[in-house]
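Structure, as structure tokens:
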Amino acid sequence: MEEMLYSSAHEMIFGFAKKPVTVANGLTFGKGKVVPEVNFTLPPMDLAHENVPEIRERFKDIAHRIMERCVELQQEEVVIEFEHLFDMTERPDFGAQLTKDLKEVIEKYRQSHGTKAALRVTVADIRDRTRPPRMRSGKEIETMLRSFELCADAGADILSIESTGGKEISDNALMIGDVEGLLFALGVLGPRDMDFLWREIVSIARRYDVVPGGDTACGFANTAMQLAHQGLLPKVLAAVVRLMSAPRSLAAVEVGAVGPLKDCGYENPVIKAITGVPISMEGKTSACAHSSPLGNIAAAVCDLWSNESVQDVKLLSGNTPEVFTEMLIYDCRLMNTAIEEGRAEILRDLMVDSDRFLDPQALILDPKVMYEAARVIVNAGEDKFKQAVAVSRYAHGVVKEAEATNKIRLRGVEAKWLEKIGKILEHLPEEEEEFYASVKARYEGHFIPEEYGLN
Amino acid sequence: MGTLEKLRDALIEGKVEEVKHYTQQALDENTPAKTILDQGLIAGMDVVGVRFKEGEYFLPEVLLCAKAMHAGLDLLKPLLVGESGQSAGTVVLGTVKGDLHDIGKRIVKAMLEGAGYEVIDIGVDVDAEKFVESVRKHKPLVLGMSALLTTTMRYMKTVIDALQNEGIRDKVKIIVGGAPVNEEFAKSVGADGYAPNASEAVDLVKRLTAA
Amino acid sequence: MEEMLYSSAHEMIFGFAKKPVTVANGLTFGKGKVVPEVNFTLPPMDLAHENVPEIRERFKDIAHRIMERCVELQQEEVVIEFEHLFDMTERPDFGAQLTKDLKEVIEKYRQSHGTKAALRVTVADIRDRTRPPRMRSGKEIETMLRSFELCADAGADILSIESTGGKEISDNALMIGDVEGLLFALGVLGPRDMDFLWREIVSIARRYDVVPGGDTACGFANTAMQLAHQGLLPKVLAAVVRLMSAPRSLAAVEVGAVGPLKDCGYENPVIKAITGVPISMEGKTSACAHSSPLGNIAAAVCDLWSNESVQDVKLLSGNTPEVFTEMLIYDCRLMNTAIEEGRAEILRDLMVDSDRFLDPQALILDPKVMYEAARVIVNAGEDKFKQAVAVSRYAHGVVKEAEATNKIRLRGVEAKWLEKIGKILEHLPEEEEEFYASVKARYEGHFIPEEYGLN
Amino acid sequence: MGTLEKLRDALIEGKVEEVKHYTQQALDENTPAKTILDQGLIAGMDVVGVRFKEGEYFLPEVLLCAKAMHAGLDLLKPLLVGESGQSAGTVVLGTVKGDLHDIGKRIVKAMLEGAGYEVIDIGVDVDAEKFVESVRKHKPLVLGMSALLTTTMRYMKTVIDALQNEGIRDKVKIIVGGAPVNEEFAKSVGADGYAPNASEAVDLVKRLTAA
């Protein structure tokens, strides 16, 4: 990547992407409207073979309820995400059958009400099952690719995954606050796996004429956010990890993913700034899935607005999927009205300002910061390690600066960590090779170099 | 400041080498191992626990201190024959079948180790057979199961039933945890306890093993 | 009421009320900030005596979780609503015990974190148990007033109720679409009962130095909204009923209620326009309790923002009360940021415009309409029947006009109903006495005139 | 247009007097009562049902048409001896103890009446004893319970248990409904059916009474 598709942060705004994406039924993302993306999952129950008929019924019912609520609220465009649970990828026919079931309901509503709905299918990364994981060899990757194919064939409009290359290192690194380990996971291993995996996914998507959406650093940056939420990690570290993950997630787009990127990739705005792809984001309305300090600010430059995931349970007014559909619709209505009335920038800035200084993780999500981070990445050249280091330093600097100017208040321990992170980032080798050499021994045995094209 | 205070403070700061040093020094000063353990290491870990609960320490600090404690403990162990030399007890932990979420369980492990338990982590995606086997083999005081998915949490019941069938359910206290799990669910599957996070998991294990 | 406290619709805005209200701990409503109001209820379980300890534990736990989420998100002001279930009013000690329990948790957080929380206690109207109901005589009213007293004594900061005077007529009137019956319920019976009941509540509130909040026409107008949602009644009728209910709900304030008015009274803005009291409102974030066509527009002039009610069940990230607390906090943050940055009017107008023309019920909720309705009521003089007739005609006119100018599209059947409602409203007797005489026979036996001071 | 068509159309328009008139006229023309019922009244109500489902009619229209139908039916009844003169069957409806929500149940009642059932509404806040008693007394084909509160829905189980204890559970089909209730819950309390709204309640009752 040599240049950026946006020439200023100000230009970035919800509902508009420089490179809109259209799915088969004509539904377009990033062309002047924010579209709700509804996610759901099963309530406590198990996925045994004998439950498949029940699960299919429930899936159809959920889709039906979501679509019905859209009709009632005159919402004409919607995305339903079907995020596989382990077994749905592991048993590709199962995942494909559910894809087909969901698509049928969607199709029914297109015919009866003209509702334009798209189905995003997110395959599970089952390679994470064994440690150290086999990323390129072995039956896991085969099964996953087969699952992508069957789902594409069964009616998926958009393919996604939350891939885990490097997680075998980052899990532990997060626990012990090992910044170098995180860099190794996100700057060295992750991008290599993304490059490998996404070439495969893009080629499948092309073959079936569906959209290769995108990936997310969920397993890294959102784990960090969760750990920080539980008081287990400093928020400043989670903030740095967020930007550190951007070069890795960008890799999918570099080999052909076109968006909409996955909702839980809070690093998405960086990628949008560079490549112009539409992005899905989640914030306050995903409180069902996880608490976050990013409720409003996350919406600032989104093209789709999601609830991350809610298990299907009964509330007073109906079940959770349709309840969250309704809330997303109203959020989107507000943004779309702002677009129509030429007030989008004001609303965006309000969303940003409302969260910005309350948490370092929110600070990082400011579109201005995200935009500058994009620039830092582009300026760092093609080398993913260099990108990751540069953008981590940038993240650190942003928090530091906000603290120094009293824009953000950090507790004493947080401030100490910020110092510490700064020092580590400062004293890193500049070249990947050198870095790899310096940490290889430390992580030996925890990952398989060949599985990343390393040695 | 006496040696034990220095030891305690070194531990609180997570200084592995200093902890070793002061432990040895205390031994050299003929302080009984049990006293060093109680007034140096355990006293230090108590402070660490408090700091963690009050948000002054994060997980990395806790893990570092735990590491320092184990370094000191290694020097004391040979001298701590009898009850006090023993670990507080063995705990087996695993994430249930179909579920690959690992971190929560590992944190529970780390905190338990910090509290002096010996913890055997049997991994993720663990089936009932393996749980049964590990209870047979390690004879833990406590078996902990983790599940992060609504579609795997029910498997905890399967495991408990399997232990029942094998007639060893009563030989072990069973605790469960993970984001979708709660007290109510724990009761419904017949577990002995639930904890919402790792530090409460330690309290829980203490409570159950005291009884 | 002879004059209005607001002199234009434009002046009405979220976060500001002409007559702010302050509770004991200093928390103020309507003075430049929108405060979240969190409502919860029990999951499926029964209220038998032997379950009381469990219910108490759960209540404390819920309050604890709500307060904890506030602390995590740095939300310093919050209201918790405790809406009685039947038995909690029927057994006044039970309701008071729970009030005390909740207040203790709130107090704990004030001490440890400085969080300013207020407790609203909404007593159930148990007079509705028998038909025809005894409103002023008999043990039900005694028990209710005792419940108010004990709860005020036990720590309630704000007293509320959703009273039901006239519902014995309106239930059936709604089912058969009987506009005269609705007018009888809301223009004749309701105000009389409100006058009686609220004098009592206000006197209790004064005695215990707590805030007499307000009432809501939930049992009338929200029932109509629900029926319309289920396709059982035309939306145009629900829209008219909404405004028809305003004079009745206003009656509480006329005898001393000071706000914050209850969340589910969508007629509240009318009362705010006239009297300047702060109001609680609910919209998109109350989708848990009922679907509504008012998601954004309901927030336009609110002082508190509520989720109406959610039963305490587990979601992926925690339980529903704290999940909805988080969503409310972000909604409030956005509004409060707009206030701070001088953009409140823009945000208000966006919220209004985003819903306004999608449903006649939303159209009615436009602050401009609400303001004009207030004026119509004031101009109608003191007579509640005249107020109700005048404002119903006004509501009808607003919908009619919007339809005629193609601002709103109505299905054929809806349009027919609009005609029909217009004709009925046109041909009504102008005087209450005359009206009463004309309908008395029709509703004979369904209500007890003496219980309303009628004969 | 023949008399039966006119009757049907009058019914669809909810014109009570006209329905009476054309019913009488058809009788005067010697049309068999059963034919008038099937091709006039029932044919009309079928259309009403369709219009309701398609959103062309609201509840008030449906209730009005039902009233018109009953006006016609009153004229036919004396002539409809034997099976076809009977109501489609008796249904008892009530809202359970502790719960005062009335409207949903009344709408179910109205729709069932529109479909030709005789419905006995035993009110709100109804305890198990009264439910048992009314089953004994009215011998309904179907007993329907309504609950709108999470804290009263469980009472449905209490009622079903009571019927069981009295040995009359099997004499009646039990259906349940109301906002917090769903299919799953219905099964869990041992009901025979659940419907999310009044028109599906009619289908449900038809299904259950056909069997």
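For clarity, chains are labelled A, B, C and D in written order, and residue numbers in each chain start from 1.
Just so it is clear, contacts are C-beta pairs under 8 Å (C-beta built on N, C-alpha and C of every residue); 3 or more make two chains touch, one makes a residue touch a chain.
Treat the numbers as computed from the prediction; the structure is a model and nothing was measured.
Think of each touching pair as a link: the shortest run of links from subunit B to subunit D has 2 of them.
When chain centres are defined as mean Cα coordinates, D lies farthest from subunit A. Note on chain placement: the centre of subunit A and the centre of subunit C lie 40 Å apart, centres being C-alpha means.
The centroid of the Cα atoms in subunit C and the matching centroid in subunit D are 34 Å apart. Look at where the CA atoms of subunit B average out and do the same for subunit C: the two points lie 51 Å apart. Within subunit C, contacts with two or more other chains are made by residues 41, 311, 316-317. For subunit B, the set of residues that touch two or more other chains comprises 150, 180, 185. If you draw each protein chain as a dot and join the dots that touch, the picture is not a line, a loop, a star, or fully joined; it has some other shape. Chain pairs that touch, as defined above: A-B, A-C, A-D, B-C, C-D. By the touch criterion stated above, subunit A contacts subunit C in their complex at residues 41, 69, 72-74, 229, 283-285, 287-291, 293, 295-296, 309-311, 313, 315-318, 320, 322-324, 326-327, 329-331, 333-334, 336-338, 341, 343, 346-347, 350-351, 353-355, 358. Across the complex, subunit B meets subunit C through its residues 150, 179-180, 182, 185. Residue ranges of subunit B in contact with subunit A, taken from their complex: 55-60, 63-64, 98-100, 102-103, 106-107, 110, 123-125, 149-155, 180, 185, 197-198.
The touching residues of subunit C, counted against subunit B in their complex, run 314, 316-317. Subunit A makes touch with subunit B in their complex at residues 41-47, 85-87, 128-129, 131, 171-172, 174-178, 223, 227, 230-234, 311, 411, 413, 417.
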